[in-house]
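Order as written gives the chain letters A, B, C, D, E and F; numbering starts at 1 within each chain.
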Amino acid sequence: MSELTHFDAQGAAHMVDVSEKAVTARIATAAGWVKMAPETYELITSGNAKKGDVIGVARLAGIMGAKKTPDLIPLCHPLPVTKVTVDLVPDPALPGLRIEATVKTAGQTGVEMEALTAVSTAALTVYDMVKAADKGMEIGGIRVILKDGGKSGRYEAE
Amino acid sequence: MSELTHFDAQGAAHMVDVSEKAVTARIATAAGWVKMAPETYELITSGNAKKGDVIGVARLAGIMGAKKTPDLIPLCHPLPVTKVTVDLVPDPALPGLRIEATVKTAGQTGVEMEALTAVSTAALTVYDMVKAADKGMEIGGIRVILKDGGKSGRYEAE
Amino acid sequence: MSELTHFDAQGAAHMVDVSEKAVTARIATAAGWVKMAPETYELITSGNAKKGDVIGVARLAGIMGAKKTPDLIPLCHPLPVTKVTVDLVPDPALPGLRIEATVKTAGQTGVEMEALTAVSTAALTVYDMVKAADKGMEIGGIRVILKDGGKSGRYEAE
Amino acid sequence: MSELTHFDAQGAAHMVDVSEKAVTARIATAAGWVKMAPETYELITSGNAKKGDVIGVARLAGIMGAKKTPDLIPLCHPLPVTKVTVDLVPDPALPGLRIEATVKTAGQTGVEMEALTAVSTAALTVYDMVKAADKGMEIGGIRVILKDGGKSGRYEAE
Amino acid sequence: MSELTHFDAQGAAHMVDVSEKAVTARIATAAGWVKMAPETYELITSGNAKKGDVIGVARLAGIMGAKKTPDLIPLCHPLPVTKVTVDLVPDPALPGLRIEATVKTAGQTGVEMEALTAVSTAALTVYDMVKAADKGMEIGGIRVILKDGGKSGRYEAE
Amino acid sequence: MSELTHFDAQGAAHMVDVSEKAVTARIATAAGWVKMAPETYELITSGNAKKGDVIGVARLAGIMGAKKTPDLIPLCHPLPVTKVTVDLVPDPALPGLRIEATVKTAGQTGVEMEALTAVSTAALTVYDMVKAADKGMEIGGIRVILKDGGKSGRYEAE
C-alpha cells in the first residue's frame, strides 16, 4: 500500500519534492454532478433564453477555478496548465447537470487536482445561480475518471 | 417558483443588487463527505501519528477556502466573514470522512456559498493528500443543511 | 485646485485615511469601448451562435474584475461591493463593442475605481477572445460617467 | 479570416489547448495613455517632489498587474513571465501620460495580454491617484504595438 | 493566563467567532528593520537618484501586503482596512532601514496582523531589491508597538 | 560592488530580464524565529494536545506563503516551485520557535525570496495564533542561510 507522500517521517505536512521527476505531458479528466428538483431542472434547461445562461457562467467559473488550484489546495504544486475544458450537460434522469473537466499540462506532477477543482467550482457556481429557486440541491459524484502521463501510468476509473 | 435572480430580463448575468437589503446576522452550515477504500480509511485514521494529520490540513484548507469564495464564484458578493469552523469526522460506515462547515457574518446576503466552498475545499484537500494511496475516492453529499438570517428566513434540510 | 490626496507632505504614497468619513450609499458608472475591423465586428455579432458568446464571457470577466480592484490598484481601499452590472452593446458605427459598468456599495469611499476596473477587464477579455482574428483592435474611451454618494456629491461627465 | 479559437464547435468557451505548441521566446509591447486637464498635467509633472511620485506608483502597479493577467482574463493561460517593464512618459501635447509595457517569456503562447494588462493597470492607477483633482480623465489608445515569437510570426502595428 | 483562542476544546484550529463583538474603531502600529552591510547602506541611501527608489517600492509593497493579510494568515478575519501607512527610515547606526506601519479599521477585531504583515512585506521587498548586492541582510525586530480599540483596550510595547 | 539590478539607468523599477539565463536546478534555505515570554512558550509546547497544533498551522501557512511570493513581492518573477518544506522547532533558550524553510525549483532565477516569504508567513501565523496570550512576541533573525544553483554559485551564511 502506498504511503501518504505529503507527510514526512515525523508526520509533518510538506509539499512533495518533484524536482527530480521528468517533465512529461499530463492529462486528467474529472466528473461530478449537481442534482436538483424537477422544477428547477425545467427552469434552467427550458428554451427561454431570458432565463440566462447558467451553464455558460458555470463553465467559465470552472475554467478559472482550475487556475486557482495551487491557491486553494495547500500542498499542490503550481503548474502552468496548457488546456482546460469544462462541459456541463443536462441529464433529465438525475435530474440536474453532469459536469466533466479535462486539464492538460507539461510538468513534473499530475493535473487531477486541477480537473477536480474545475468540476467543484463549476458545481458550486450552478448552486449559487440557482439557489434562490432551490436550496435543496446536492453536489456529488466528484471523482477522477482519467489520469495519464508521468511515472505512475494511466489510470481509468471503472 | 422563484426566478433566477442572477440574470436580468435579457438573460445577462449580473451580481444581484443587495444594497437595499438590511444588514442582519447570517449563519449557514453545509455538509459533504469523501468516500474511500477501506484500506485507505485505515491508513488515515489509524493511531500512527507519523502518518500525518490529514484532517488538520484539510480543516485549515476549508477555512481558507471560505475566505476565497467571492474569488471563485463569479456572481458572489464579497463578505467579511466573522466565523468559520470546519469539522472532519471519520465514519467507518462510509468509509471515509464526513465534513461539516459553519460560517457566520453580519451582512446583506447569506453565507451558504462560503459554507459550501469550505466543505468542497476541505474535501479536495483530503483527495490531494491521499491520492497517492487511492485514486478512486469520491466526493459527494455536498449540500446546505442550515441557513438562517435575512428576509427569506430559516432553512433546514430535511 | 485639489491636492493629490494619496501622497503625504513628504511625497510618500499612502492609503488615504477614510476612517472618519461617513458610511453612505455609493454608486459609480464607467464606460469604454473596444474598436475593431469591420470583418471582426461581423464575426462576433453575426447570428451564428456557434461563434461563441464573446459578450457573455467579457461581462462575467468584468464583474469578477470589479471584485479584484483593491488587489490591482495599490492605494485603493477594499470595499464590499453590493452590486455590479456590466453591459456590452455592439455599435456598428464604431465598429465594435461599447461597455458600461455600474457598481454600488455602502462605504466610506467611492466605487469609481471598481467601475473603471470592470470596464477595463471586460475590454481586455474581448481583446483576448478575438485577437486570433484581429490584432489591431484598440481599447479606449475609458472614463467615469457618473459618481454619486459621499461628501463630494454627484459627478456626471458632460 | 481566422476563427475565434476560444470557442469550440458548439460555441462553448474553453482555454485553448497549447500543449502541442513549441516553447519559444515571446515578446510583446502594448501602449496606451491617460489624458487629463492641463492643470492636472501641471500638478503631476511639476518639479515639486512633495507632490509625490505618481509615475513610480503606476509603474509598479503595471508590473504587478502583468503577473495577475491569468487571474483577470478568464481564458488566458498562466505563464511565468521573465521580464516586465512599464514606462510612463509625460506628453504635454496630450496632455497626460503615455504608457508603454513590454513583457517577455519562454512559453507556448504569446504575452500580448500581459502587456495590455500592465498598460491598463498602470493607467487605472494613475486615475486613482489623481482623481481627487480631476474626475474627467480619460484612458485610451490601448493596443498591441509589437508581438513576436511563436508560429504566427512578428506583428507590428502600423 | 489567556488561552489560545484559535483552537477549540479538542485542539482543532478555527476562525474565532467575532460576530458578537462590537464594531469599534481599531488601530495598530508595528515595527521592524532590515540590517545590511555598511556599503549596502551607502548604496541605497546615497544621493544618486539613478540608484532607484528602494524605499518607495518597499512602501507600496507594504501597503498592498496589508490588504493581503487574510489571504496569508489562515485564521485571520477579512477586514476592510480604512488606512494604511508604511514608513521606511534609514538608520546609519543599524545600518539599514527601520520600518513602521500603521493600519486602521472599523471592525470587530484588531488590525495588528495587518500592520505586522505590512512591515514584513516591506522588509522582504527591500531584501529582494538589494539582494544582488548583499545576500547577508537580516530582517528583525518585527513586533507590535501599539494596538488600540476593542474590548482588550490599549496596548503599548515597553 | 554589485549594482541594484531592479532599477534601470534612470532609477525606474522594473522586473529584471531573466529570459537569457539558463534554466537550472535552484535551492534556497531561509531561517528566522519567534521569541515569546517563557509562559507562552510553555503554553504552546506543553504536552496538552487540546491546546492545539500551533506548529502544524504555521507550517502550512508557510508552505502556502511560498506560493504567494510573486504576488507579494512586486519585482519577483513567478516561478513554479517544485518543493517547499517548513520546519518549526521549539527552542527553550530563546524561548520560542525557530523556523527554517527550504524551496526548490528548476528555473531562470533563484528561490531565496520564496524561502524568506515562507519563514515570514509562518512566523506571522504563530503570532496570530498566540497573540491573545502574549502581545509582546518578536519576530527576527530572518535571513538566507543557503542558496545554490544559477550563475552566481553557492552562498552559505557564516
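In this text, contacts are C-beta pairs under 8 Å (C-beta built on N, C-alpha and C of every residue); 3 or more make two chains touch, one makes a residue touch a chain.
Each chain and its UniProt protein: A, B, C, D, E, F = Cyclic pyranopterin monophosphate synthase.
For clarity, every value in this text was computed on a predicted model and none was experimentally measured.
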item	value
Shared interface partners, meaning chains that touch chain A and chain E	B, C, D, F
Chain hops separating chain F from chain B, counting only touching neighbours	1
Between D-E and A-F, the pair joined by more C-beta contacts	A-F
Furthest chain, CA centroid comparison against chain B	D
Type of chain D:chain F copy interface by residue overlap (half), same or different	different
Chain E-chain F separation of Cα centroids, rounded to whole Å	15
Centre distance in Å when chain B and chain E are each reduced to the mean of their C-alpha atoms	31
Shared-contact residues (touching 2 or more other chains) in chain E	8, 12-13, 53, 56-57, 60, 64, 68, 71, 74-75, 80
Interchain contacts (touch definition) - all pairs	A-B, A-C, A-D, A-F, B-C, B-E, B-F, C-D, C-E, D-E, D-F, E-F
Contact set on chain A toward chain F in their complex	8, 12-19, 70-71, 74-75, 77-80, 107-108
For the chain A and chain D complex, residues of the former touching the latter	25, 56, 59-60, 63-64, 66-68, 80-87, 104-106
Touching residues (chain side chain F, partner chain B) in the complex	53, 56-57, 60, 64
Of chain C, residues touching chain D in the complex	1-13, 32, 39, 43-44, 49-54, 57, 60-61, 64-65, 68, 71-76, 112-113, 116-117, 120-121, 123-125, 127-144, 147, 155, 157-158
